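In what comes next, chain A is part of two complexes: it sits with chain B in the first one and with chain C in the second one.
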Partner chain A sequence: MPLSARPPGSGEPYVLSASLDNARHLSSLLRAVHFQDHATCFATVNGLKVTVEDAKCIQANAFIQAEVFQEFDVQEDSVTFRINLSVLLDCLTIFGTSALPGTPTALRMCYRGYSYPLMLFLEEGGVVTVCKINTQEPDELLDFDFCSTNVVNKVILQSEGLREAFAELDMTSEVLQITMSPDKPYFRLSTFGNAGSAHLDYPRDSDLMEAFHCNQTQTNRYKISLLKPSTKALALSCKVSIRTDAQGFLSLQYMIRNEDGQICFVEYYCCPDEDITDAEL
Partner chain B sequence: SLCPVHSVMSVCPPQLSLRAVNSSRSAFASFLFAPLFFQLYEASGPPPHLELCRCKVLMKSFLGVFRSLPSLEKTVGKCLILLKPRASRLVVQLHCKYGVTKTHNLTFQECERLQAVFDTQRCASSLCAPARVLAEAVVHFPQTLAEVTLAAGPGGKISLRNHVEDEAEPGKTMVTELWLAEDEFQMAAVAPGSRITFCLKEFRVSSCPALPSPMSPLSPPPQPPLCPQGLLTFAEASNLPLTVHYDVPGRPVIFTLEDAVLEVHLVLATLSDPESNLQPPTANGVSHLPAPSDDFADDLESYMIAMEPSTYEEGSGVPPIPTFPLCIPDPAESDTEEEEEEEERAVLGTPPHKKFRSLFFGSVLTPGGRGLAPTLEVLAEDSDGEY
Partner chain C sequence: MRFRAKIVDLACLNHFSRVINTIAKLAKTCALRLTVSKLYFILSDKVANGGVSMWCELCQGNFFDEFQMEGVAAEHNEIYLELVPENLSRALKTAQNAKAVKIKLTNKHCPCLRVAVELPSLSSSSRMVTHDIPVGVIPRRLWNDFREPSVPDFDVSIYLPVLKTMKSVVERMKNLSNSIVIEANLSGEMNLKIETDLVSVTTHFKDLGNPPWASEDGCQSSAQSRDLESMAEARIDIKKLLQLLAGQQVNPTKALCNIVSKRIVHFILLHEDVSLQYFIPALA
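What follows is the complex of A and B.
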């Protein structure tokens, strides 16, 4: 990637510069996708996307729109770099993670371009911390090719109904089985653990069900260890959309409202563990 | 409150009873629910089937269903428990808010009936108090406390004191003693000067919810319930008085809660009194007696000898121990249950390194079954006795 060529006198030498009054708007979202140490950051005029992948089976994306930032400037069409997400989060939360309403941590983020470190300036109560985090070559990312036309089944649920279920998932089960059907049981989450099986059924007419568009009965299994991190995103969100395509790929999209009421999204894509087309008890 | 005590819970229709015993068999708890406790109670199938439906479920799995007590109260409207013997499944179905249904299909094993043999009528002393009184008393003792001694003191006062090991250095131990006046108890019929020591520590486990009661909403316990504290928490929440029956050191202490639809028993082994080692046994061979000295603590053989009154030799130094009859299940039971039978027959368990009297758990005699069996035949007499 070529170094950005800044015309002289234009001021900012950074290809990416952003300001945020409350760093928590960024850190909480990043935590929702933090299941691996490394992430790929992708910035365009629309905002920032941070992607984390694992096992070539699961991908999580956190989207922070440009409007969330007080200042968001991208000098190229797109800026991409790989960074250690654990370190980034540690820096963003350097003043501590407890939420003190009166004293948010302000953030200024600057990136000069390829091979340069990401600079973070964090300020809280007059104390300033400067962090420089090395960046790396961005990885090749998976493309789940999940577009609306491929979607077979879709439901939108209020997160409130799923939060506890996900937090209490029987982790002795290797898989999480998701059944979506126009007939009973409509929407079912199942685990098969050491104690026996457990099924969680959400009827289509439940108050929690904001939208129910299931055309075909599909039962798919996903490795529970891969999906468990999505619980963090679920905990932050108010709504979640669950979609599957013809091949059983799963898309989970979480709508998250931050402290200022702004909307951000986190999505998880997951490959099915096995191909099961018939409903399984 | 059942949780800390046990490793296994057994469910026995027709009256639903949940019983548990801990791994060293020094504690037993049972909750007996009358059908009225439930909104709907249906035991289907002809009577012989009911006999077979005794099962044991891993407590961890069963509790996993009721894991989050505060949210349970808010979200669960109705809980359905079904036993499917053919599929070997215990189904617990929770009907929650918003039409959501959680179905747990727990595997179970058939087992023999688990019953500790005890008799509250034979206990010399008993106390009854609102659970709150005892709960507040117990709270003063440190979390790491192993044993506590309950004693009847002068003036009708009851004391609770932490038990200090003989070997402990006097300068380094902290002793906490609490006195309760007689008027704090609803009933106090205690033998003067009586005291017993029982174990709290054995029952410590990290958080587990008490069983939800349909009668009154439970407030979530502020800390993980610890039996008997677990039992106390349950008692407080259900507003039932707790009765404590005890006898002499070495005989079990029995905590009971009773109401029209529920009967709860918690039976704990107590520490036997080292001084009483010198007392001779009573004539009929069944004695209130001394636990064997530490040499014999883990010696199964000597316990077996002691069980047979006829093999007791005067001055052999092998005192007869136990006080509860051992019952052997009818071997006519099906083969698949043999394993459990074996387990139940080997009834002796002593918490290691302690001079606790162990409780005997026998499989309850099925009608027409045999009494004490020749399987207790002594194979080798103990040679360590003094002569």
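What follows is the complex of A and C.
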């Protein structure tokens, strides 16, 4: 529900203020979770978390730690607001998206709190752009309750091994099936499309497999249309951790190194697809 | 009525192709006016602002090695044709490595501009690719619709910022709004602004410089007695502005705009041998 934006110069102090020498450190991470127009921003002294959800069964979070920013100041315990992510990305990339190394766009971000707009100040080559984006009441977010003690199976793979597989996923298949097992096939991605089934196996002793902790054979299916956006996060990342819990909930955690070598994370959580009979499994 | 011309120099040919590509981005259909010394691409837009909205002028001598034109009559030694510039652009695409390009006005079944491209080939005889571009002959009684526009009595004249930056910004703004406000003052400052329910974005350009216009009668024009900080502004269709910026394939030698507050924005882009004027009326 939209709130009317109060005029910016009304003197209330900023509850969130941050500076970034290179706006791309923020915009590239946000693009990795941009599959819906709206996102919830959550800021604490530790940094910024941006959450996007769809269909009550998929959630993506982008984490940008406070250390990535040149300045990151949060006056309250936490600051939360809902914002149009498409608009935010258009503003962050106002000077274009081509990665020219010599001319980064500098960013300053300020927020006065509840009902105020988010203010962005972007500068490149002496040209300044000021953006005022309206914010809304934050939504109730899903809690996947995914903690390490519930994890049944976990693998860590080098992203380069998965990139091609994900880019070429058979989108005529309704689901992506993930099999994880201490025995063969160890780690298998399967699709069931119009042309037939496709299986891609990663053996536990593969060079790409950085860690392999599978205790139980699990086969779970996830709606492929919901997982496809995670390809963007995969493209940026160097490593990905894939975990499932006893209910078959999936956690994908992507480790992303930005242009300055700093580490940020993006994670995707997905519910298993319920519309399948046991017989098919 | 006769027209035949030939380009042999590859640099001139590429230059000419670039000009046609720019025109094709700005107009679906336009008039081509041929005189002894010049070519003009003109878009007349009576409905929107009662006058010409695009005027592009080229000196034929800078492009053509041969140029022969005989107009409709001795006292009116000019030809006006209506054509689709995209057709000409496509024909010239095949001429990227040509030995020569000949353009001729023909009337076999209907009036056409015949573009004959001579391409190099491994055998002794060249390959010829011929395109027949249908054109309409514009009768003399309509020539008044295509008169050269006069520079409007503007409030502010200012040099444009680096077109690449301006284009990036306008491209993004187009995702957020259908209209854009362009405002500028006589202190070399220009702002591009969009404002909707969701967001407002303003880009500030400084130190752009204001072109010195010598007024015709020597006394102070309305622009000169103006407060230097005061902004002249116009709200225009963002797609039209983006079409103009996106069509620029080479950086112009000079780029400026004249703003008549709330009425019209007049853009002038000058290259060495081509001048382009483009008018965008203000939205109601």
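By our rule, the second predicted complex is superposed on the first by the 261 of 281 C-alpha atoms of A that agree within 3 Å, B and C clash if a C-alpha of one lies under 4 Å from a C-alpha of the other, contacts with A are read in each partner's own complex, and residues count from 1 in each chain.
One rule holds in what follows: contacts are C-beta pairs under 8 Å (C-beta built on N, C-alpha and C of every residue); 3 or more make two chains touch, one makes a residue touch a chain.
None of the values given here were measured: they were computed from a predicted structure.
Student: Taking the superposition as given, does A:Gly125 touch the first partner, chain B, the second, chain C, both, or neither?
Tutor: Touch partner of A:Gly125: chain C, not chain B.
Student: Tell me which partner A:His199 touches in the superposition: chain B (first), chain C (second), both or neither.
Tutor: First partner only, chain B.
Student: Have a look at where A:Cys57 lands relative to chain B and chain C in the superposition and call it first, second, both or neither.
Tutor: neither
Student: Counting only touches as set out at the top, which of chain B and chain C does A:Gly161 meet: first, second, both, neither?
Tutor: A:Gly161 contacts chain B only, not chain C.
Student: Touch check for A:Val152: first (chain B), second (chain C), both, or neither?
Tutor: A:Val152 contacts neither chain B nor chain C.
Student: What does chain B use to touch chain A in their complex?
Tutor: 58, 60-61, 64, 67-68, 71, 75, 89-90, 98-107
Student: Can you list the residues on chain A that touch chain B in the complex?
Tutor: Residue positions touching the partner: 161, 164-165, 168, 170, 194-203, 205-208.
Student: Going by the contact rule set out above, which residues of chain A touch chain C in the complex?
Tutor: By the definition above, chain A touches chain C via 2, 84, 86-87, 90-91, 93-96, 124-134.
Student: What does chain C use to touch chain A in their complex?
Tutor: Residues of chain C touching chain A: 161, 165, 168-169, 171-173, 175-176, 197-207.
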